[in-house]
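In the two complexes that follow, chain A is the common piece, with chain B as its partner first and chain C second.
Presenting the complex of A and B:
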């Protein structure tokens, strides 16, 4: 059997410089942040365009004559018909209308609603206010419920966990309109605690927000609790306990932050959905808002309004999920550092 | 009792015997535990620690040595009151720093943890919170125990602590996260957090496991420095060599009991208990070359044959290893979740049937190259990996040449990141090198069509560190081993071959119908060896095949590989970071650093007289058993 001679390679300069220098690594996190935001913006522009295009194609494929809708009772008058077609630019082929629409968007001109005869941007801006109030109230309440329930049920009171589990099943399996109707029946009609007549008042916001926050909050609690449980099983939790930290301290200072990472993604998705309009909630409580006008717009095939709402909803979604990603990036340094050391 | 080195009557050291009463001139012990028992309640209750006695005096270092499931980590956690919610800890005497720990309230425990007793877990990457900087983690101790010299300003203290554990540039490191630090720095930072409360006793759980040898040596030196400053240490380890460098007093644990204890050198030089002897014999090193590491017939059943009073009345209720049945919420798992293993060892015999092995697994005639041709050769192989974010590329393997002849055993050593595993993948033909070529029996991977590559693949088989992960969990063991034979042999012949191969690697036929999830680490490795042998390969490439195994199981698997190599003439390329394992097993060795081969040749020559500074530093850093430690004469 041939033997390898015993030889050794001299230490050369080649060997040096191959290893990357670890301390320099954290300085690059700033640049990474910019790159992420930049990529997200480009992505957002593309998604917005795609949303508009798909919606445009879809509404034009819907049956129904736009001109008749615009004319209402005068639909049989040929003179008016010709004037209307010219005024709304309906004589143009669909692709030209599409291009005109796209070109107007950057200036904030989303066209005029067929059914309400008002600028779409104005209509949406008006509806945005109650929608935003509802979304913000619902979301804040959901996050509070989520964190409180998760924190309470991972503590040392053994009975809380099954109780929370039961509530979770109830709220998550109940259809959203049912919960809204029950809340309305019990707290408004029967007990009279919260009137929903005046949607502008704070009291009027309580029940709709609760209808949104209860299922979302308990769902969030589930995700958070899983995260806390998993974090508490990690060696660093034991290390923290061995430093003299209390059980509650470990949960507060270590586990909660770990659990927040998946929760943040979920909160982003929920927020995006709510900002696009909570249709069922708004309908049950008869609240004005994006959801309401969206339903109305689709019913009458109000193309400019449908397009405008699609645009705003998509934008809200992108903004919310990008914010969630940025928040995760701030919380988790491992996402910031490019390569693992 | 730390000072006596003279051989005492063996019976005195057997663990179940009471410790000699401390003489009055000795300081009051920091830890005085009598008859410590830790039971885990739950669906399948288990007693992890059974009647352990432990005394640690100020400044003393005591080591708990044992394999997984021996109860050593549970003991350590019990000493800080963190054995877990499902744990029931009882003791006749349980004193920590003169106070009765059985009566401590949670608040008093908390004051003790970190302040009186520091605990440093193994693997700093997971033992430090990945979302917090190293500085924040150290500060946490100072805040919890209100040790700040100035309110809300701990930076100076953190810097001092990091400097004390030998971290350069402490201000920068304190702002970094664990994953941004190298393994050694991370471990130092973790130790700094353990020392931040200036505890009288520091418990270190496997402080050097998973670290490269040179880093290992540095951490041992660091712990020795703190020893010299008067900190008492409780070292938990499976590594006798590491322990011998640190501890005054040694306790060997098995199945929740101390089977033997005494002054470290004395226990290592004159082991009394059979288990200690076998454990010492199982340590692979230069001295163990060409002898078996594992006890050979009969397989000594420590449970069935209690020596002294080790092994007890409740042995009957024990089924598998305690760690496999420990399940409780809120308690850090000591090991990756173990599944119930096959009862007993699952082994039919220990020694390989040479004739059967030769008949079944000798390389096929077409696998034997013409004389003088290596079965596997690398010619100036180079591989680059591009760095993330377009920051250029890194050389993973640089101009590596090697030749492996039939029947030869070649070792590949180097620290993590040295390119060993990349080289293994190139040799297997899984990664295409950027330059150079790999030849199997003189034929290059790159040349030839798909069919000829498939023929070559049969000649080069692979065993990984985590074989269990390489098995399809839905397959049975028989299907796993038989998979490579599909389309090669008729089904009946293949099935017959699987049964006989299984016997060659020492597994009982019952294992055949079992899911791989039920295999223990050692059994999984045997199945992997079986699968590798199924096609009568010329070479088996083993990437850290024993790194995840306990010493005694490692010994069995190394013995098996060695005997198979002798019986069948299958060449082995053996990758390991453990120089002792390599020195024990192989004939030729290649030392890699940063992708380059820095030294190669006969293993005795390279490790006996290393020429390259890198090899010299590696060899110097090998933790060794003290001179005179009991190695049975082969």
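Presenting the complex of A and C:
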């Protein structure tokens, strides 16, 4: 069988090996689907609790007395001070505030933002829509880029590999905000193709989604190609070829499928962390969303809003990684066999 | 400096309509341009643009993330020009220091300056159709003054000495003060006292406090939508008909534009790029480096203009070493060529400030120009005399083993207009010239507040805008009373200074106020309490087909979008 040169950097190869593990883990952690989901739910509750607790401790450790920050110039006015303390429940010790906060979460009451004075749940619900659009567009584009590039560069066009490799290095090593600024400068301010003002239409989504998708897509391509290369080295690839399957067919029907497993875990990880990318994109492209309110909340120590955003982004992370695990289960017959047994 | 007495002594009953008219005749001829420092003659507002055109929609890129569009709750200096589009004040404080009627018809003031009869115009309506009457004003004041309800956390200083207020007839509200206070009239001239419709007070607090379309007020526009950190959309209110007498657009109080969208674009480069591509029509706060792009291109216009208040200054903390010694303060102020540093950083896009109070308004003191020219030799002599004679290995002066260090922690959200760059250049110059270690550190607001409370700072940098310096002066210099000197990190506790501050605040007599503020500026400069650095200013750039920018002569800021129109 033809040996393909090993182009990927060692780090990626290692990662591909690491993230290729989940099948084994799944078999250990739960033999049935509902067990997996049940374990994941318990895990999720624990992780959410831990995230809230850590964030709560961290924001309270931030310098600055909350009452004084809320009062500004009037921090020495006793009447206003008393009214503010009563209104925001700041007369309670921190641990009591913490317990009250935890108790309110199940009913969806995340408190009221100190700075924007709207219910946190409402603010997050509003801001989630544009962030979700951005994240979804970025993710879909990244997956498309990843599969197209990986598939194209494992073929028999030797010139494509070095080209893709150069792009990979550029997109992976460039700081995300730099890439966003360059995209904005070139395609909006120089060529005038996309308006930065227009955030409601699909056209307004192109550049920010590209800023997210390009580094992610090429990262994915590396992992996928590495997986394809490994799969093609396996005996089954030779067998398939011997049975008359075309080279392209082996890649498409067997190797790509094998390579998808680590890629899907990776996509799950990336999707869960998309909020971080959204912060940068929303700032540079002046888009509304969770990232914008997160930055503003931290700047003014808006504790209820910071906690709410921490809760939602943790939830998003858990949801994305659970979805990725389920997708792996569907894709890998070995996992399904384990589940049936 | 205009020291001619005001035409009428304020306080004379019904004087204002007249004073306003007098001021108007002088101002209408050159409205906006009396104050504008324009680098480009073609940028002069509306000069040769022909007849204003009705209609059109405009997008205006702004730097400031407006946190609330409730006019009473918003304390952001740069929000004024935006919020006035939907919330006109009762009065207008003009650049001469006089007050004119706006949506009120006038104020009758008793001789003792303690009773104020606010008269309302007939036929003024809120945007929801409700009539503006005395009861509606009283209701608004009720909400503003009620500290228990916690509707506003910024209790208006102007209401501090209001003993009572009531509707004495359906169109008159009578306020009784326990002592004269210019803050009261100034308060009536801001959006923070702009009356809201009685129906507004029925809204839930979580709708009322952030503000939005449901907040029916009185303004040339109404709010169509508000998306925090993103945009505020205003639509024209065609039946708006009230305007101060000194405004140029007397015959056209309603807006020309059908709609104006203020789009929050925090990055300066984004505003510049979006304006260049025509994605927006106007951009505020142009970065110094981007100025030539608009100033030198006929497709655009650019203007910069000084704003009122206290200028961007360094306030020296006199309560502790090393600045408890006046010689060290003088050495700090003489020890670097601040004018040269500013000139090299801003390339002529900002002006050096010499006086602590802005050049805008009646309290400017041009005689202070050049009061502290650089003199490195003298600065070094002063430091030697003060006992800072040793030097460490870095060349920093020592006294009794202590380094000559000046710390200036500053709230990171307030670092703008290249203030950090200026500080780096200042630090380099001071170290080289006089062996002083200047540490300027942007920190989060909580950290800054803690350091200030612990008096762990030697220097405080600040600029404070507004139509009148009275608020900023109280905050920065009245340090013996923490309820007034909230930003008094200089710890001056100077009875002579505070007596002057009181003279300027607790009267409405313009001549007395002018004299007091001249004295104040003399005190704080001769005692080296403050180093005025940069004349605070606003800037904008716009497409060449946008016309009609008009200024508030009191604050120096733009009035808003009411007078702006787009050439077809």
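Note that in this section the second predicted complex is superposed on the first by the 299 of 341 C-alpha atoms of A that agree within 3 Å, B and C clash if a C-alpha of one lies under 4 Å from a C-alpha of the other, contacts with A are read in each partner's own complex, and residues count from 1 in each chain.
In this text, a contact is a pair of C-beta atoms (placed from the backbone, for glycine too) under 8 Å apart; a residue touches a chain by one contact, two chains touch by 3 or more.
Only a predicted model underlies this, so the values are computations on that prediction, with no experimental measurement involved.
Within the superposed three-chain model, A:188 lies in touch with chain C and out of touch with chain B [touch as defined at top].
When the two complexes are overlaid on their common chain A, residue A:117 makes contact with chain C while staying clear of chain B. In the superposed model, A:253 makes contact with chain B only, not with chain C. By the touch criterion defined above, A:93 reaches neither chain B nor chain C. In the superposed model, A:331 lies in contact with chain B only, and not with chain C. Looking at the shared chain after the overlay, A:236 reaches chain B, while chain C stays out of its contact range. In the superposed model, A:108 lies in contact with neither chain B nor chain C.
Contacts from chain B toward chain A in the complex involve residues 77, 80, 82, 106, 110-115, 118-119, 121-123, 126-133, 140-141, 144-145, 169, 172, 175-177, 179-182, 190, 193-194, 197, 329-333, 372, 387-389, 394-395, 398, 403, 405, 407-408, 588, 593-602, 605-606, 609-615. By the touch criterion given at the top, residues 59, 61, 65, 67-68, 73, 75, 147-150, 153-155, 205-206, 209-210, 227-230, 263-267, 269-270, 273-274, 276-280, 412-413, 444-447, 449-450, 475, 482-483, 486 of chain C touch chain A in their complex. By the touch criterion stated above, chain A contacts chain B in their complex at residues 1-11, 14-15, 18-20, 22-23, 25-26, 28, 32, 229, 232-246, 249, 253-254, 257-258, 331-334, 337-341.
Across the complex, chain C is touched by residues 62-65, 68-77, 79-80, 83-84, 87, 112, 115-119, 122-123, 181, 184-185, 188-189, 192, 195-199, 283-284, 286-288, 292-293, 296, 299-301 of chain A.
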